[in-house]
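There are two complexes below, and they share subunit A, which is joined by subunit B in the first and by subunit C in the second.
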Partner chain A sequence: MSTIAEQASGTATQAAVAERPWRPPSYWPFVLPALVVVLGVIIFPWLFTIWMSFQEWKVGAPTVFVGLANYLRLPADPRFVESVGHTLSYTALSVLLPLVLGTFAAVVFHTRFPGRGLLRALFIMPMMATPVAIALVWTMMFHPQLGVLNYLLSRVGLPPQLWVFHPATVIPSLVLVETWQWTPLVMLIVLGGIAALPTEPYESAQIDGASPWQMFRYITLPLIMPFLFIAAMIRCIDAVKSFDIIFAITQGGPGSASETINLYLYSVAFVYYDLGYASAIAVVFFVLIIALTALLLVLRRRVQWNALGDEP
Partner chain B sequence: MSGRGILGRLALALAVFIIVSPAILFFLWMLSLSVKFEIDNAAYPPVFWPEHFAWKNYTDVLSSNRFFTYFTNSMLVTGGATLLAMLVGVPAGYGIARMAAHKSAIVILVARITPGLSYLIPLFLLFQWLGLLGTLWPQIIIHLVVTVPIVIWIMIGYFETTPLELEEAARIDGATRWQVFRHVALPVAKPGLAVAFILSVIFSWNNFVFGIVLAGRETRTLPVAVYNMISFDQLSWGPLAAAALIVTFPVLLLTVFAQRQIVAGLTAGAVKGG
Partner chain C sequence: MRAITRRNMLAGTAAASALALAGRSAWAEPQWKKYAGTKLEAMLIKGPRGDNVQKYLKEFTALTGIEVESEQIPEQQQRQKVVIELSSGKPSFDVVHLSYHVQKRQFEKAGWLADITDYIKDPNLTAPDLVESDFSAAGLTYARNDKGRMLSLPWSVDYFILYYNKELFAKKGVAVPKTLDEMAEAAQKLTDPKDGTFGFVGRGLRNANMTLWTNFYLNYGGEFLDDKGNILSDGPEAVAATKLYQKLLTTSAPPGVAGFNWMESMASFTQGRSAMWIDGVGWAPPLEDPNASRVVGKVGYTVVPAGPKGQYSATYGDGIGIAAASKNKEAAYLLCQWIVSKTQGARLLQAGGGVPFRSSILNDAEVQSGVKMPKEWLQSAIDSAKISKLGLPVVIPVAEYRDIVGAALTATLSGADPATELKKAHEQYRPILERSEKA
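Take a look at the complex of A and B:
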C-alpha cells in the first residue's frame, strides 16, 4: 500500500519545498493514484464513447466521421424504439414491486423476533448470489413442462403459464426474478430509515388508540419518505441497466420481446460489431438514465415541499 | 397472555414466513436440482427429495480440469481487482474525506450510474490495441470499474466518521500526513476496510457482463463458464445446478458470516457493481 502513494507524497513535498519556504502539505498525493485509475477506466472510456458516436466504425474498416448520422438512425430503428418501450415497462415494474414488498419486509424486520439475524441473512441472499447462477435455476423453474412453477400453479388450481417462453408474459416473468432478487436492498434502505425514527409519536398514537395500520400510514410512511425515494432512485438506475438476468434467461427473446436497451446495445456492439452506432446508443442510454434520476429528484423535492406546506 | 397478543404473534410469524420463504425455497430447490439424477429432474410431478442422490453431479464438476482453470481465473481477477482497488481507493477515500472534496464524489456517482457495457466498447478496443486480449489483465483492469468506486465510496463514509482528535495529536507530535494516515487513521478504520473488501470481492466475483466479452476459452471466470455450460448440456439440469451452486456458494457463505458488514456497507453507500 505504501510505495506509490509514498513516492507521490515525497515528490510533491519536494516540489512544494522548492517553490516556497512553507506550504501546508495537501492530501492530493492520497488521491492521485485513484485519480489516474478513474481517468483511465472511467473518464477515458466516456470521452472515447462520445467521440466514437460521431464515427462510422465497423471492426476491420477505417473510421469515417459521420456527424450526427448515428443519432439520426436511432428514431428510425424499430428495434431500438421497441427496446426503449421494453426498458420502460421493465423498469416501472421493477421499481414499484420491490418498493412495496421491501417496505413491508422492513416493517416486519423492524420488530424483534427470535432468529431475526439468521432470517435476515437468508432474506438478503438473493441479491448477493451470483446473478448468472440464479438465472440458470430460474430458467429451469420457468420450464413449461418440467418447471416447478407450473407445478405450484397447478396445485392452487391455476392454469400453466409459458413464462419467459411467450412474448406477452416474458417481461412480467423477468420482473418476478428482478423483484425476488432486489426487494432485499429496498428492505435494508427502508429498515435503516425506520430504525432512526423517534419513538414519541408512536407512544402518543398508542395512547390515542391508533391501529397498527394507522400508525404506519400516518407516522411511519411520511417519515420514511426520503428513504423510499433513495431506494426508488437506486432501483430505477439498476433496473434500467439490468443485464445479467435478462441475458442469461432469455437473451432478449422470444424474438425480441424482452430486448431492453442494454441488451440491444450488447448485440449492436459485440454481435454486429457496429461500434459507432453502439456508442451512440450508449450515450443516449446514459442520458435516459440521468433523465430518470433527475425526474425522481424533482419529484422528491416537490413531495418535501408539499409536506412542509401541510404543516400548520 | 391476552388473545390479541397471541393473534399479533401469529400474524408476525405469518408475515415473516411470507417474506423469507421465496428466498429459502429457491435455494432449497437449487440444492434439490443439483443432487438429482436426470430421471428425477425430468419427473412430473417434481421430486423434492430423491431416493438416490446424484453426488456425481458435484464430483464431475469439481474434478474436471477446466473447472480448476476457471476457478483460478476467478480468484485472480477478483483478487487482483480488489487488491488494486484497496491500494488506490483507501488513500483516496481518506484524502477526499479530509479535503471535504464532496464534489469529486460525483465522479463515483456517475460511475455508479453508467451501464457497464459502455465501458466495454472503448476498453475492448484499447486492450485489442495493446495486445492484452487472451490474458487475464483486461478483466482485472475492467473490474476496477466496479471495485474502485465501491472502495472509495465506503472509505469516504468511514473516514468522515473517525475522530480527528487523535490525528491532530499525532500531527502536533511531528508525524507526516502519510504517517498519520498509516498509523492513526488506518487502524481506526479497520471495520470500514473489511466492509469495502467484502463488497468489492462479492461484486467482482459475481460480474458476468465483462467476462462474456473479454474472456477467451482459457480466460473465462466461473460465471461465464457456468453460462457456457448451457449450450453443451441443454437438458442436463443436475450438473448445471451443481455448477451454479458451486459458483455462488462462496458468496452465500460470505453473506451469512459477514452479514453485519454487508448490511452496513450496502445501507451506507447503497452501491452495487455493474
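Take a look at the complex of A and C:
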C-alpha cells in the first residue's frame, strides 16, 4: 500500500511543481481519520502491550522493568503450558466436527424434499442465540443428577456421564456445545458452494455409472474445497478466541482441565492483576494466532491451485 | 474537613434541636444533617446485603439530606472494577463494599481506603452505640491494619455451618455428627446411589472449594502463615484435611461434584438428594423457600463438626469502606455508619440475608425474635461466632492461592494423591507469594 501511495504522491508533486508552489497532497485529509483510529486502537495498544510485557506490573504496586523475565516464566508455568494444549485440542475438535457435520447437512439440505425450507430455518436457529444464554442452558442440561442429557442416556440404556464435571470429558462436552451452535454456519457456507456447482460433471458421472458416494468424493468435495477452507478459517478464528461458552459453563474447570489460553490470560490480568505477565501471555498468544493463520493461508493457496487448475 | 460556615452551623443546630425535641440528648447524637445536599456514589456487591441498602436508602436521605447513587454489580465483576478504578487514583465512588477475605491485604498495602479511626471516636460523627468493641474479633481483624487503624466498618460475616436433612437422617437412623470423623461415617451411611441420595455435598470446583476445605484444615489444627509470612498449608494437617475432603467427595457425594460450586451443591441439597452440606450461613432463605426447595422445614442447622485439634468455623466477611480519594469522606462515613447501624443490621439478620459483625445486634433478644428463619439457624450463627476463625490466609495473592491449591484439591477428586498434589501446588504458589510480598 505504501508503495502505491508513494508513487501516486510522486507523480502528483511532479505535475504540480511546474505550475504552482508545492502543497501537501490532497488525499491526506481522507486517509488521516482512518490512520488515527488504526494507530489509536490497534497499533498503540499492541506496542503498549509489548512494552508492558517487559515490566513487572501489578495493580497497586510500583512498576519495574524486568526485561524478558515474564517470558522466561512461561515455559515453567504448568498452567500456561497446559492451557496451550487445551486451546489446541479445543480448537482442532471444534473446527473439525462442525466442518464434517456441516458438510453432511449441506448435502442433505441440497436435495429436494418436502418441508426443506422450514427445516433449514430450524437448523440455523442455534446460530442466532446468545452464547452466554446457550451456555447457561447447557450447564443445566449437563448436570449429572438433574440434567436432561443423563435422563436421555438412561432412556436408551446408557450409563450416566459426568460431562463437564470430569477432567477427561470436559473438553469434548464443551466442543459439543460449540458444534451444536456453529454447524449451521458451516452448512450455510457449504450449501452456497454446492448450489453454485455446475451440473454437467454430475450428468457425465451418472452416465459413467458413478455411485452417489463416488460423485460426492470425486466431484463435490474437490469443487467445494475453497468454501470449506473459508468455513474452516472462520471456525478457527472463532474457536481459538472462544471465551464466553467455556467461561460460563466451567470457568476453566474442573481444576484447570478446560482452561484455554484466553481464560488463563483473563485470570492473570483481571483476577490476579499481574498485568506484565498477562501481557507476555497475550504476545505469545498473538504469535500463535499469526502462525495458525499463516498456515491456513498457505493451505488455502494450495487448495485453490488444485481446484482451479491453471486459472489465476 | 469543611470549614465551619454559617449555613453548616445552622443546619447542625437545627438537627441537634430537632433531636432534642425527639426526646434524646442532643450531644449524644452525631450531626446527621451536617452534610445535607452532598451527593455520594456507593459501589455495592449484588446480593442480599446490597439489596438491604438500596431498599431503605430513602431513610438515610431523610435522616441526613445526603443523596446517594448506588450501584450493585455481581461479586467477581465488582471486585475487578473496584481494583481497576482505585488503582487509577480517581474512583467513581466514595463508598465501597469490600470482600475482606480476598481484598483486605491488597487494599491496605495499596493505601486505597480512608482511615476512619478518628471518625469513630468523634461524637459529632458517630452514634454512641457504635464502638469498636461491639464488632466481633474476626471483624476487627479484618477492618484494622497492622498499625491498629480502622480502614473500614465490618458489615456482614459469613460463617460456614453444617446444613443437614432431618428426614434423611431419621430414615437411616443416623445421629447429627459432632466430629469430622462422625460426619464422614454418617455420610457413608446416608449414601444410597440406587436411591439417588448422597451423604454429603459441597464445593468441588477449583477456587470455590477452598472455602469448604479450610473448615477441615482449621479443625485439623492448621495455620495458614508462620511468623515470617511463609505459607504452611501443605503440612501434615493439610494432608489429613485433604484426605477427609477427598474421601467425603469421592465416596459420599453426588457424581460430578468436582464441578460443583455453591449453586450446584444447593440444588442437590434443596432437591433432597444430599443429606449434609457445609457452606456459608446465608443460604437459609432459599432452603426455606417453598418455591425453590423441597426440604422446607426439614433442614437442620448446626456448627461445623469438631476436628482432632479443635472446632472452628471458617469465617469470611464483607465490609464497607471509604475510598481514600473521595472528596466527601465524612458524609461517606455517615453512610457507612448507617449501613452497619442496628436498624439495618437487624433487617439483614431478620431476613436471613447476612449476619452482622456487631454483637449488640446478634445478641439482642428483640432483634432475635423478629428473625424469620428457623431458631436453629440463628443459634448456629451465634454458636459459630464463638468459634470463628479467618478462613483464608491474609495475603495479597489470595485469588492465586485459591486457584492453585483449589486445583490441587479438585485433582484429588479424580484420584490424585493429596500429599503430592499439595506439595506441587505450594511449589507453584510460593514464588508468587514471595514476589507479591517483595513488591
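Criterion: the second predicted complex is superposed on the first by the 255 of 312 C-alpha atoms of A that agree within 3 Å, B and C clash if a C-alpha of one lies under 4 Å from a C-alpha of the other, contacts with A are read in each partner's own complex, and residues count from 1 in each chain.
Rule of thumb we're sticking to: a contact is a pair of C-beta atoms (placed from the backbone, for glycine too) under 8 Å apart; a residue touches a chain by one contact, two chains touch by 3 or more.
Just so we're clear, the structure is a prediction, and the values are computed from it rather than from any experiment.
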A:G255 in the overlay: touching subunit B, subunit C, both, or neither? Say first, second, both or neither. second
May I ask you to decide whether A:I246 touches subunit B, subunit C, both, or neither, giving the answer as first, second, both or neither? neither
More residues of subunit A are touched by which chain, subunit B or subunit C? B
Quick one: classify A:L146 as touching subunit B (first), subunit C (second), both or neither. both
Of the two partner chains, subunit B (first) and subunit C (second), which one does A:Y27 touch, if any: first, second, both, or neither? first
For A:I237 in the superposed arrangement: first (subunit B), second (subunit C), both or neither? first
Can A:A129 be said to touch subunit B (first), subunit C (second), both, or neither? first
Report for A:Y273: first if it touches subunit B alone, second if subunit C alone, otherwise both or neither. second
If you lay the two complexes on top of each other, which residues of subunit A touch subunit B in one and subunit C in the other? 145-146, 270
How about subunit B: which of its residues touch subunit A in the complex? 12-13, 15-16, 19-20, 22-24, 26-27, 29-30, 33, 41-42, 44-46, 84, 86-92, 94-96, 98-99, 101, 104, 107, 110-123, 125-126, 141-142, 144-145, 148, 152, 176-178, 181-182, 202, 205-206, 208-209, 212-213, 222-224, 226-227, 230, 237, 240-241, 244-245, 247-248, 251-252, 254-256, 259, 262-263, 266-267, 270, 272, 274
Within their complex, subunit A touches subunit C through residues 56, 58-62, 78-79, 143-146, 160, 162-167, 170, 250-256, 267, 270-273
Mind pulling up the subunit A residues that touch subunit B in the complex? 1-2, 4-6, 9, 25-31, 33-38, 41-46, 48-49, 52, 101, 104-105, 108-109, 111, 113, 117-126, 128-134, 136-137, 140-141, 145-146, 148, 151, 180, 184-185, 188-189, 191-192, 230, 234, 237-238, 240-241, 243-244, 247-248, 262, 265-266, 269-270, 275, 278-279, 282, 285-286, 289-290, 293
Can you tell me which positions in subunit C touch subunit A when the two form their complex? 76, 80, 83-84, 86-87, 106, 109-110, 112, 196, 204-206, 254-260, 264, 267-268, 271, 273, 396-397, 399-400, 403, 407, 410-411, 413-414, 428, 435-436, 439
